[in-house]
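Here subunit A shows up in two complexes: once beside subunit B, once beside subunit C.
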Partner chain A sequence: MDKNIGIYICTGCGIGDMLDCDPIAEMASDEYSVSICKNHPFLCGAEGVDLIKKDIEGEGVNTIIIAACSPRVNYDVFDFGQDKIIERVNFREHVAWSQAEKDENTQMLAEDYIKMACAKIGRTDLPEPFKAEEEYSKDILVVGGGVAGMTAALETAKAGYNAILVEKDPKLGGFLAKMKKNVTLPYKDISDTGAEAMIKAVSDNPKIKVYTSAAVEKISGGPGIFSVEIKANGNSATERAGAIVQATGWVPYDANKLGHLGYGKFKNVITNVEMEEMAAAGKITRPSDGKDVKNVLFIQCAGSRDPEHLPYCSSSCCLVSMKQATYVKEQNPEAVNYILYKDIRTVGQSEDFYRKAQMDGNVFIRGSVEEVGESGGNLYVSANDELLGEKIKIEELDLVVLAVGMVPRSLPAEIPKIKAPSDSKEADADGMIEVKPDSGFFATSALNLAYRQGPELPTLKYGFPDSHFICFPYETRRTGIYSAGCIRRPMEVGKAKDDATGAAMKAIQCIEATSIGMAVHPRAGDISYPEFNMSRCTQCKRCTEECPFGAINEDEKGNPLPSPTRCRRCGTCMGACPERIISFKNYSVGMIGDMLKAVSVPEEDEEKPRVIVFVCENDAYPAVDMAGIKKMNWSPYVRFVPVRCLGSIALVWVADALARGIDGLLFMGCRHGDDYQCHFVKGSELANTRLSKVSETLDRLSLESDRVKFIEVGITDCDKVPAIISEFMETIESVGPNPYKGW
Partner chain B sequence: MAGNYDPSFAKEVFDNVDSGEEIKMCMQCGICAGSCPLRHEMDYPPRQIFTLIRAGRRDEVMNSKAIKLCTSCYRCKVRCPRGIPVIDVMHGLAHYGIKKGIIPRKGTAAFGGEFWKMIYNIGRIDEKTLPLKYNLLEGLVPGIKSTIEMAPMGIQMFLHHRMKLLPERKIKGIKELRKMLDKAKEMGKGGAN
Partner chain C sequence: MADVQTTNQSILVVGGGISGITTALEAAEAGYDVVLLEKNPYLGGRVTQLHQYFPKLCPPSCGLEINFKRLKANPRIRFFTMAEVAGISGKEGDYDVKVKISPRYVNEKCTGCGKCAEACTAEVDNPFNYGMDKIKAAYLPHGFAFPMRYVLDPSIVGTDDGKKCKDACQYDAIDLDMKETSFDLKAGAIVWATGWNPYDAAKVEYYGFGENKNVITNVMMERMASMNGPTGGKIVRPSDGKEIKNIAFIQCAGSRDENHLAYCSGICCVASLKQTRYIREQYPDCEVTVFFIDIRALDRLEDFYTMVKEDQKVKFIKSKIATITEDGATGNLVLEGENTNTGEQIKATFDMVVLATGMAPNSIKSVCSADVSCDEYGFIANDPAKAGIYGAGCARRPTDVASSVQDATSSALRAIQSIARR
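Now for the complex of A and B:
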């Protein structure tokens, strides 16, 4: 594409008072032969937009540099169609609102930003959306036929899409079908589970294809083009799907590990799941002799919130015990239920059911179990009553119910092993190595993805699929595959239904975005995708290993086989590739390299250091913007370079920048580790790892390692941004100017 | 020795005590205890009284000082997140204790009598003479002894301008007040005994 560049500088919002805009225009036309360079006092107004539109029509401008406010605002106003390259220069937040008025340094800063923009568009091409060769499927595969799975399928059908439901049991319903009654909205009383009606609705729905006694044998492809092999009742079938909802649910915590609570020792000690089954089958009796029950004690958090067993809360067991106490009272109004709890956790509106359980006269005792024993055929429980502050003993108990927690079905019973790489030191005698939870190999079989990074969704330490479940629920680390229900986190029926609906909607979004070549969260709407110059690939496998979303498969020789529909466009592969063969049409190693080269580096005696700050577009950039909006000030010697994710940084940028005399490089990325905030999960962690190895490069250049620094910045850390910058500037000052200046 | 849980006392309370059933709703947050201005004088805070009822500790509850101390300031009732009328329960328990003969009626009745007399005579309470008169009902020597025991409190009240050295004067319009008190007595709503 022949680029006809137009630069438009807005002088509104105080920009015109802070800067001398004419010399900037002069500089641009001299150095970058830009013919059109205009100022306007109110560029985002109708008149300003018209000015640009007129030039597009009259002068044939197709590459537009807008030096005005942050690209995070007014993106709709400055949208001139997909056939134009638009580059926004942040003159407002990063220059006018955060720098000194009409200062020489402010002017240089503004000029540098324009130069960087010109360098950037020099390397930018118009992205074209990816289109797979195969036809896109718009069906949704739902794995698991419990309440979450059935809801996901029904909601998919309601939205007008076809669903394929795969259930391992001969009958749909999961745990919902095993319950006697249910507690759900409005949480005033127990109600029918509605399982039969739901199963019928699913079976009767023409848009839902149900496979029972079935398992997913293999899934290959990617969003829009998943190919699914299903084995049902011994027969094989192949289906195509556009997106997947995994709702494989939970299993109760293994009560055999709870010997200290009397399970396995006394027949009348049962789990809440066994209690539910007994209630659903008819009558609640003593398992030891079949006699009626009068006194029942529920032990909450049986194994839950216990570092030895399940360290987390399953958030539904309290409600379940109260529900089962209601069964006991219904059966015998004279019965006494004791509920021995650590904390009652009835979340949200379900507090109403707690009130009902209290009104029913159930005895709530806060404390911890000391002993479960038997005397004269009846059980007794001794406990530390925290509220009485003494030891208590509750005798004559007919039944003790252990409220066990939920374990995700994906958690493997034993730590799985895979074949170790030949150079591994931890491999056992058979050459096998234990899998870490943070990988696609650490999960029991459900999806059997034909992905290079493992057959299942990567899990967190407790076995739940990894995603940031506050910031981006349902998302997983495999594009187009969404988790819902108790596989995502422990929850009760009402929440599982909400969850499944959400996941189904995400799946539909994914299908629709993929079909027009757009990325899904977090770069929703992005049509660029990484392209591989395969002729120069050295089969190092770094891209296939480091992709946080397992988007790249590889062939036997180790060549990467990218699947653009699985890609989230973070650019981690681009930063990983030592040969720099991976680039986007509008984002590449060379492009950022050119931007760094465009920064003018004054001579040493001018005492104007230059620092490049790479900022993550997702959290750090908004934080810097907000610092600007708050009119906080920072050094005029820094130049911000936004990157898609810090995972996309290439170490060659460090070497290039330092070799040109840039004094320091600061990397602002998201928090990583257990409570990560990285939108691409692993990006900032990878960046940190890569930068920890940068000292080698610095040594080669005989430079101090203090010149390169990684800082974790959250989106709410805007107040800290100026301090972070000044601190780094002080470091640079103490280290002294870069000796490569002027080379 | 581990105490046993016995639901029978709780049932007794639910059936006999005014608002007794409401304590089922207690979730032991302790806001009542934190709000009570007399908490430091109580042997058990209201929250713990409720726990003791649940656990079936009849003696501890009925003999507790706490149920007699409530001054009806209503703070607990206003603040209780579960809307339990804590003061009604506390008074209910005290009444139940009197009814059952666990809490002696004599002392309170005597105090009430002296209180009424003083209000009838001067229309207000004299903080010096009322305790003195009440104490002297026990007899001269023990009465003086009890009064001397209360002296430090009296000094504090004096220092805080809560008590005058001179005797309290009659209020204005004492005749109207007496008419009201006579009427109340006639209706059986009070009186010196």
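Now for the complex of A and C:
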């Protein structure tokens, strides 16, 4: 596109008092041949916007630089259509509100920002949405036919989309179909599971294609264009899908590990799953002799909340035991249920069911098990009763039910560690031991993705495949593949249904966005995507290894095979590529490189150092804005460069900037580590790793490593921003001017 | 508001907190038209008033920034602040909704320059900080307020201060003649995501909230810990601004109690655990005692509980505290109750007490003549037989942020289905 540039400077909100705007216009016209450069005292007002609109219509302006407030505000006012290139220069928060009035340095700062914007638009093209060659599918593959999977399929169909449901067992229903009754909202009593009706609804629905006794053998492609190979009853089939819901559920924690609670030793010690199956089959009896049960004891958290077994809580076991206590009472009103617990966790309205269970006369004992034993054909349990503060022994028990927890049916990429038993010889320095296949954790494959980074969804701790479990709980690290139900976090039936409905929503949304070339979360709506100039590729594989979303496959020679529909547009690949062959139409190594070159570098004797601060546009940039809004001050020698994610920073920027005489580079990115805040999961971590290797570059240039620094800045750290900058400026002062100035 | 074009293919989302924003975005990003209403002058709701989320101890504004960015980029969402629903009638696929907009006294010309606040001398209780400090009567509700637009407190309209604000504005953004307005909407489906209010701690009379100055609630603690809170992030005693040495948390203050909220609010345990971290980070020597019935740290949040338990300065006592008495001279608080583990009577003195109060829903019933079911607590029941109006987040059950987002996402699909059925 032939760019016809207009620069519009707002002099309102104090900008005009701080800056001399006329020389800026002269500079732009001299150095960048910009013919239109106008000031307005209230650019975001109707008259100001009209001024721009008139130039668009009358003068054919199609590339607009607006030097006014932060791009975080007035986004709607300064929206002139998708066919215009719009660049916002933050004269208000980053200059007028945070710098000295009518100062030479303030003026230079503003001029630099205009120059950087001109350089940026010189390298910006309007993005065109990606369109795959294959026809897009709008069908949704659901893996797993339990309550979550069936719900995902049904809800998908209700919204007008087709679903393909793959279930490993001969019959749909999963654990739901094995249950006698359910307890869910409004939690007043137990209720029918509805499993058979649900299975029928799925089977009868013309929009749902069901494969039973089936497994997904291979998935290739990406959102919109997944190709799915299914093996069902010995036959192979291929389906196409636009998005995937993984609802492969859970397995009960392996009770064979719970010998200390009598499992495997005594026939009448059973798990909650075995209890449920027995109740569903008809009558609850003593497995040892088939006799009636009168006294039942439930051991809560059997292997749960236990660092040697499952360290987490499975959320639903309290309710399940109370439900099963109801079965016992229904069968024999004279029966006595004891529930031995650590904490009763009936959150929300389910507290009502706890209240009912207490009213029903069930005996709740807060304490811990000392021993499960047998005497005269009956079981006894010794426990520390915390409320009585003494040891108790409950005898004449017909049945002891172990409330075991849920283990996600996933394949953790990294083997989880748990606390090692005290006699273990394999414990590491922290007393931890790797989870083994026989340790009770479950490891299984379900998707078999033909992805370079592995066949399954990457998992966080304990094998739950998610990536941002607070603000964006559905996000995984594989685009268009959403997990639902107990694979995501342990939950009861009602919540699994809600969860699956939400996962179906995300799947539908991904399909719709992909079909028009738009990115999904977190850059929802972005139509730019990375393009690879393959002729210069050296097969170094960095892009295929570092993409946080596994979007890039590899051929046998190591050439990257990008899948743009899997891409989240973070630019991590761009930052990873040492050959600079990966670019977006509106974001590239060359573009930022030109912006850096546009920064004026005064001679050494002027004593005006120059520092570039790369800021994550989601967190650090707003933090800087906020510091400006609070009218905090910082050095006029720094220039902020927002980046999509710090993962997109290229080391060549560091080398080029330093070679030009820039005195220092500061990188403000999100917290990484276990509690990472990076919305692209790995971006800030990768940036930090890359920068740790920058010393080679600095050595080559004979420069001090202090000139480059990575610092974690959260969005609420605005109060710290000026101090961080001051401290860095002091460092730069102490190491002295960059000797490359003026070269 | 004549330019609000809605049809029975539109989705109305009521409540612009984390649940409502999520529902609106998820539906709009799938290609549906959404109108989002928020009664506050800003979006974000209750989570904007939180210092950090558990278990990552990260700021809510980080996720909100992403959501606001999504919202800015999406032309399918129209949102209105200071907007409340005055009435709903009709049925699935064909609702008529009356919307009331309260006057902001600041129009769309506001640039956020802050000159009005500089000119204004009157101060009002700061609602964002639960009245713990004062704010100018011309104010930006909080630093990250979205949209970034000032508000005038109605009390200065017609006063000198109101005039001063108007005169100070160079952009003609202050309109002291603004009146309450209303307009009508059509919608095919409605998602009710109006969230919750903290249960009124004063109703739990034996804790003396409001009289005992150093008894605060968990939501107030969030503001105290926050950089943009009344104390700039420093947790101190409200009575004298002193540092704290010995603090107690009382869990289930008015929760799991049939005289107050019979249900469990699900979040207060981990919220208090989180707040012990705020305190321990500021005060390496402060003693913390948590009085609880059960600690309810579900699923992986158990790890957070495990981490807090490792702190030797944090004690957990299973107990129901019966009374709090203030020592008039020192402002210290004497807690009495029974240790249910040991049976011993507790009488202990603390310099500050945090009441972990629960969540009370903002019910739909008062404004809705259309068919919708609520449970006895006022939470929307999402009865499958009464499709069309769906509760999301804490309007449906008391729950945490992650579950609210999950629920809100499912509500978006339910709303879409109501339209697809037409």
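Structural remarks
Operating definition for what follows: the second predicted complex is superposed on the first by the 708 of 743 C-alpha atoms of A that agree within 3 Å, B and C clash if a C-alpha of one lies under 4 Å from a C-alpha of the other, contacts with A are read in each partner's own complex, and residues count from 1 in each chain.
In this text, a residue touches a chain if its C-beta (ideal position, glycine included) is under 8 Å from a C-beta of that chain, and two chains touch if they have at least 3 such contacts.
Just so we're clear, the structure is a prediction, and the values are computed from it rather than from any experiment.
Once subunit A is used to superpose the two complexes, subunit B occupies space that clashes with subunit C.
In the superposition on chain A, A:T193 makes contact with neither subunit B nor subunit C.
Looking at the shared chain after the overlay, A:S382 reaches subunit B, while subunit C stays out of its contact range.
Judged by the touch definition given at the top, the superposed model places A:T565 against neither subunit B nor subunit C.
When subunit A is checked against subunit B and against subunit C, the one touching more of its residues turns out to be C. Of the two partner chains, subunit B and subunit C are each touched by A:R366.
In the superposition on chain A, A:Q677 makes contact with subunit C only, not with subunit B.
Looking at the shared chain after the overlay, A:Y338 reaches subunit B, while subunit C stays out of its contact range. In the superposed model, A:S648 lies in contact with neither subunit B nor subunit C.
Contacts of A:K393 after superposition on the shared chain: subunit B is touched, whereas subunit C is not. In the overlay built on the shared chain, the residue A:N268 is in contact with neither subunit B nor subunit C. For the contact definition in use here, the residues of subunit A common to its subunit B contact set and its subunit C contact set are 344, 355, 366, 387.
Here subunit C touches subunit A in the complex through residues 18, 25-26, 29-31, 53, 55-63, 65-67, 69-70, 72-74, 109, 111-113, 143-144, 147-148, 170-171, 227, 256, 262-266, 294-303, 306, 318, 340-343, 375, 377, 379, 381-382, 397-399, 401-403, 405-410, 412-414, 416-417, 420-421, going by the rule given at the top.
Contact residues of subunit A toward subunit B in the complex are 336, 338, 344, 354-355, 358-359, 361, 363-366, 382, 385, 387-388, 390-395.
Those residues of subunit B lying in contact with subunit A across their complex are 2-5, 7, 10, 14, 24-28, 47-48, 51-52, 54-55, 82.
Those residues of subunit A lying in contact with subunit C across their complex are 12-14, 41-42, 44-45, 69, 72-73, 75-76, 155, 158-160, 185-186, 305, 307, 311-315, 343-352, 355, 366, 386-387, 389, 461-462, 464, 468-474, 489-491, 495, 498-499, 501-506, 508-509, 512-513, 520-522, 524-525, 618-619, 622, 626, 629-630, 670-671, 675, 677, 679, 714-716, 718-719.
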